[in-house]
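Shared between the two complexes below is subunit A, which has subunit B as its partner in the first and subunit C in the second.
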Partner chain A sequence: MNLARKTIPELRTMLDSKEISVRELTNSILQQVQQKDGDLKSFLTIFSEKELSPAIDAAQKAIDEGKATDLTGIPCSVKDIFNMVGTRTTASAKILDNYIAPYESTVTSRLKNAGAIIVGKVNMDAWAHGSSTETSDYGPSHNPWDITRHPGGSSGGSASSVAGGQVPYSVGTETAGSIRGPAAATGITGFKGTYGRVSRYGVIAMGSSLDSPGPLTRTVEDAATIMKYISGHDAHDGTSIQESALNIDLSARKDLKGLKIGISNDYFSGAIQPGVSARVKEALEVMKSLGAEIREVEMLNPEYAVAVYTIVCRSEVSSNLARYTGTRYGTFKNDPVQTVYDVFMNNRSIFGFEAKRRSMTGSYVLSKGYYDKYYRKAQQVRTLIRQDYDKIFQDVDVFISPTLPNIAEVIGDALNNPLFGEMADLLICASAMAGIPGISVPVGLTENMPVGMQIIGPAKAEERIAQVAHVYQTATEFHKLVPANYE
Partner chain B sequence: MSNAMNGKSLKMAEGHEKYDLIIGLEIHVEPKTNSKMFCSCSADFWEKEPNTQTCPVCLGLPGALPLVNKKAVELMIKTGLALHSEIRRKTKFDRKHYFYPDLPKGYQLSQYDEPICEGGYISVSGVDGSEKQIAITRIHMEEDVAKALHAKDATGEYTLIDYNKSGVPLFELVTEPVINSSDEAWEFAKKYQQILRYLGVSDADIEKGQMRCEPNISIQKKGTWKYENGEIIPTTDAPLLERVEVKNIGSIRFMKNAIDYEFNRLVELAEAGEEIRQQTRGWNPAKGKTEFQRYKETAQDYRYFPDPDIPPLEISEEMIDSIKKEVPELPDEKIWRYEKDFGISAYDAGILVEDKAKAEYVEQIFAAANNTTEIITDAVKFLNGIGASWSNNAGKSIVESSLQPKALIEVITLLHSGDITRNAASQLVEKLLNEGGNVSELVEKLGLKVLNDTGALEKFVDEAIAENPNAVADYKSGKMNAIGFLMGQVMRKSGGSAKPGDVQTLLKDKLSQL
Partner chain C sequence: MSTIITQDDIKHLEKISMIRLSDEERNTFTPQLTSILEYVEKLGEVDTKDVPETTQVTGIVNVLREDEVKPTFTQEQALANAPEQERGYFKIRGSLKNIAADA
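== the complex of A and B ==
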């Protein structure tokens, strides 16, 4: 029996009833991690039982004293983008290979306070630049459904660690699609809240005006539970929403009666793989049978959002990467350097191709004379995109589309496309730019690979989209599908 | 060094006859906040152990996020209100990108196109002595960088970085290019410093690097330029002469020296027909001259964009109103009021209000005088006379003396009622400055009360005449100034308490009877 395949409430019952101890559970999970990581390459850092002992003991004590939270004693992985005190934190970038974080991100701090056992830090696209983990300076992770394929990205290690049955859940981050995308590519649930819902403090920045941490899980219920612990206002993050933690009540909705679902043809045609469209349309039929009403809505073509996203995000990337000058971060090889420029050049040459490409584009669009032409204009279109959603949410309660245009590609196939990453995020960019919440749930397979459907709601409507997703999941079994080789 | 500099120098005055001097100032000031601009580390970095006041935010660690120091914003609003600036109701912070090892994030948080304060002015004395308003373009907030220490030892050259200063708030004030002499520049900076201290916004302590001046200097041939819409534009076909920026001058006096030096240098270059290239220079206080640093012909592209980590800041009317109430009466307003209400000259008033503590002390004195002009007039004489020399000798402000405001007024009241002489009053004030004490007790103890007892005075006069037959004989023989000696004797006997007029009358009277 693989305990990593259990849901959070199932593990809660086992721990609380003393059917299993925290140490036994952790060791069992560590075994799954070790056993499968040769194939999946989900992890960059795996903690030993010894390193985890204080956390294990504290969790066990809390359980024994009846002070357990929903997460106490349950192992998980986190994306290697979260600073954790005393732990190497790389964002999958070699320039941070020896960076030991001296401080704790709000998300991991909240997980730890809730008693979660973080067993390791997982792979991602370097600096979160990509949708496949292929830009990771440590090599790609693999999709447990077909290990010749990538698991999506940038939170690909999170996805492969959950879908591959290494851990019960993971916490990743999304800038535009980096939670929902890999969740869809690996057949699990990915939940991205409203921008500002989960603190960015201690999260290595990619696109600061977009970055949103969130869970990757087996079920909507688990995702909602994790949100309860990682969301809520954080005084360390000036962009954090000034509200207390989300407390989503999934039991409040039993069916989809009265729910108005908006769909747009642009999100089902063109570059969208037919099998993907078909699975999502079937899911919509299920939702109809549960009482929902489907309405076609007029939306801006998603390609505008990709253009805007590319400009805004790469501008922010070029700025956020400016601190890695080659002086404070880097390898500092032992061979004697001649000049300070040697130090800069040695260290900066470690930057991966994608990071360089994005920094160059970002620097260009921010430079004098081009700022108005690109950045300012992009921000104006961003406002239009927000208004576009404001408009449709007057008519419908949620907007639904496929999460990704296609199933996960074979590793290496996408790298030649200079906008790779962004095109994979085609269907996600608009909602990410608008800063609104979305959740991706599995809706079956095509070509033996999972397909994801995203449910998008207005700002702060996390509870609504989670309830809809939960009703769908309760009526279906797709979230229980497991890749044959990695049970 | 160019030939022009070695050749015959034009005298400064001659230079001014032919060329106009055009100066714009940038002044950086560190406001007095407890914590840094974007984190809670202490902002008091002066002489602290290196790298002991740092955190992930001011070290620029991956993932750290800035939080705006509200206090610093309030202090800037207060400054803007005092300098007649417009306060933006919505402002934002921008990232200014450049590469330097002392800049931990690779960008500096600053304000690009929406500074907190826009416009405003400080009045100085113009060339002809009339009031001249120096227009302020803007005041914006930014964070300071770390401190780089370049060192050299047996192992080679290296640079150490101290991040204690990283993230300390800075105000950058920029003036329009409307300053036309080093005196105006000096007075502008002095007055800005004085106002900041009055407001309690900054100590603007030069020694601690809390105020740094950067003049932009150019000379233009008279009649070849005009100032329009914030810009210097040519009025002839000839191109304007390029400007020079002198960076990071750590004292107002040095700034004045640097401007004077640059004026002469530029005039000599221009006169020798040599090209003036746009450049950045530094002030070398030891050599008393500016030194070339780099040419600055292409503007650096800082790739400004709004910091996505800091939401735009709304400044409410309520906030501005409550800050307005905290702006005290400023030196110029006090000077104007003193002139109007008490007829104190602007010069004298200027000395009285030079710093806030002294101005408060003076206000206490005025209050003790019940705002009576006659008493105040004498108080000012004592303050700017004996008081000022006491300060000079003691190297302390009069505020730190033992002279209580009420005591000074008591002395003046005694003077005006004729109970003591002016001489005695001066003696008393001197004593009070040094030791303080109760005025009436001192008058008693020192016997300074005017001798109104005619009998006693007569006795002193008779004694003096009896004891000094030679002087009496001199007087009688026509040496009228011998009476001065005799008067001195009487005054001494009375311990200074006799009125000189009374003594003279009585002496003459007695002598004529001999």
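== the complex of A and C ==
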């Protein structure tokens, strides 16, 4: 029996009833991690039982004293984008290969305070630039449904570690699609909150007006549980919204009676693989049978959102990566220099190609003479995207579409497409730019690979979309599908 | 009318981005940046007359805090990741002496 395949409440019962100790559970999970990581390559850092001992002992003590939270003693992985004090934090970028975090991110701090056992840090696209983990300087992770394929990205190591049965859940981050996308590509649940719902403090920055941490899990229920512990206002993050932690009541909705679902034809046709559209349409039929009403709504062409995202995010990337000079931390080159300019130039040549490409595209669209044409224009269309959602949410409660246009590709197929990362996010970019919440749930297979459906709601409507997703999941079994070779 | 990016444009970008490309990277990136710009230029089709810009989505303004002294990194912690250090300072290759010699 693989304990990494259990849900959080199942493990809670086992721990609280003393059927198993925290140490036994952690060792059992570490064994799954080790056993499967040769194939899946989910992990960049795996902690030993000895390193985890203080956390294990503290969690066991809390359980024995009846002070356990939902997460106490339950192992998980976190994306290597979170600073965890005293541990290596690379963002999958070689320039940070030997960087030891001197401080703790709010997300990992809250997980630890809740008693979670973080067994390791998982792979991602370098700096989160990508949708496949292929830009990782440590090589790609592999999809447990077919290891010739990638697991999506950028939180791909989070997805492969959960879908591959290495850990019960993981916490990743999304800028536009980096939680929902890999969750869809590997047949698990991914939950991205409203921008500002989960603190960005201690998260290595990609697109600062977009970055949102969130969970990748086996069930909607688990995702809602983790949100309860990682969300809530944080004084360390100036963009954190003034709200207390999310306390989602999934039992409040038993069916979908009265629910109005918006769909748009642009999100089901064109570049969308027919098998992907078909699975999501079947899921919509299930939701109809549960009482929902489906309405066609008019939306901006999603390709405009991709263009807006490309400009805005790359601009923010060029600004965020400007801080890497290789003088205060990180790798540096000890080549002879003429000026301090050469020092920065030498050290920054260590960036991977994707980071260079994105940073320089951002510098271009922000530079003198081009700002109005690209950056200002994109920020204006971003307003239209937000108005688009304001308009449709007057008529419908949620918006539903496939999460990704395709099943996960074979590793190497997309490397030469300079916009691959963005195109994979075709159906996600608009909601990311609007900063609204979305949850992706598995809806079956096509070509033996998982398909995900995303449920999007207005700002701060996390509870609504989680309830809808939970009702669907309660009525279906797709979230229980397990890849044959990685039980 | 699409923008065509030349190798000279890329060299200028390397300068303002403080990123050096290899010849191979420059050859790959030059046509790629042209095609990226071609893609994003489709935003020209969207009418944005009198549309305000969105720079952030939370609506939060002026997040302030009291100006209080709080514990922060020790010198040791701040230097812990420095590639090189000397007498409590970050150390990089000397450069000013060359400028002085040129003057």
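We adopt the following convention: the second predicted complex is superposed on the first by the 469 of 487 C-alpha atoms of A that agree within 3 Å, B and C clash if a C-alpha of one lies under 4 Å from a C-alpha of the other, contacts with A are read in each partner's own complex, and residues count from 1 in each chain.
Just so we're on the same page, contacts are C-beta pairs under 8 Å (C-beta built on N, C-alpha and C of every residue); 3 or more make two chains touch, one makes a residue touch a chain.
Computed from a predicted model, the values in this text were never measured in an experiment.
A.B. asks: First (subunit B), second (subunit C), both or neither: which does A:236 touch?
C.D. replies: Only subunit B; A:236 stays clear of subunit C.
A.B. asks: Kindly classify A:2 by the partners it touches after superposition: subunit B alone (first), subunit C alone (second), both, or neither?
C.D. replies: Neither: A:2 stays clear of subunit B and subunit C.
A.B. asks: Is A:308 touching the first partner subunit B, the second partner subunit C, both, or neither of them?
C.D. replies: Once the two structures are laid over each other on A, A:308 reaches subunit C alone.
A.B. asks: Output check: A:327 vs subunit B and subunit C. Expected answer is one of first, second, both, neither. What do you get?
C.D. replies: both
A.B. asks: In the superposed arrangement, which partner chain does A:89 touch: subunit B (first), subunit C (second), both, or neither?
C.D. replies: In the superposed model, A:89 contacts subunit B only, not subunit C.
A.B. asks: I'd like to know which partner A:371 touches here: subunit B for first, subunit C for second, both or neither.
C.D. replies: first
A.B. asks: After the superposition on A, what does A:102 contact: first (subunit B), second (subunit C), both or neither?
C.D. replies: Both partners, subunit B and subunit C.
A.B. asks: Who contacts more of subunit A, subunit B or subunit C?
C.D. replies: Counting residues of subunit A touched by each partner, the higher count goes to C.
A.B. asks: A:195 in the overlay: touching subunit B, subunit C, both, or neither? Say first, second, both or neither.
C.D. replies: A:195 contacts subunit C only, not subunit B.
A.B. asks: Looking at A:35, would you say it contacts subunit B, subunit C, both, or neither? Reply first, second, both or neither.
C.D. replies: neither
A.B. asks: Across the two complexes, find the residues of subunit A that touch subunit B and also touch subunit C.
C.D. replies: 99, 102-103, 209, 235, 238-239, 318, 322, 327-328, 340, 363, 367
A.B. asks: In their complex, what parts of subunit B are in touch with subunit A?
C.D. replies: 55-56, 60-68, 95, 97, 99, 101, 104-107, 159, 299, 301, 303-305, 307-311
A.B. asks: Please give the residue numbers of subunit A that touch subunit B in the complex, ascending.
C.D. replies: Listed in rising order, the residues of subunit A that touch subunit B are 81-83, 89, 91, 96, 99, 101-103, 105, 200-205, 207-209, 235-239, 315-316, 318-319, 321-325, 327-328, 340, 363, 366-368, 371, 375.
A.B. asks: Given the complex with subunit C, which residues does subunit A contribute to the contact?
C.D. replies: Listed in rising order, the residues of subunit A that touch subunit C are 98-100, 102-103, 195-196, 209, 235, 238-239, 241-242, 300, 303-304, 306-308, 310-311, 318, 322, 326-332, 334-346, 348-349, 351, 353, 356-357, 359-361, 363-365, 367, 374, 376-384, 386, 418-419, 434-435, 459.
A.B. asks: What part of subunit C is in contact with subunit A in the complex they form?
C.D. replies: Result: residues 9-10, 13-14, 16-21, 25, 28-29, 32-33, 35-37, 39-40, 42-44, 46, 48, 51-58, 60, 63, 65, 73, 77-78, 80-84, 90, 92-93, 95-96, 98-99 of subunit C touch subunit A.
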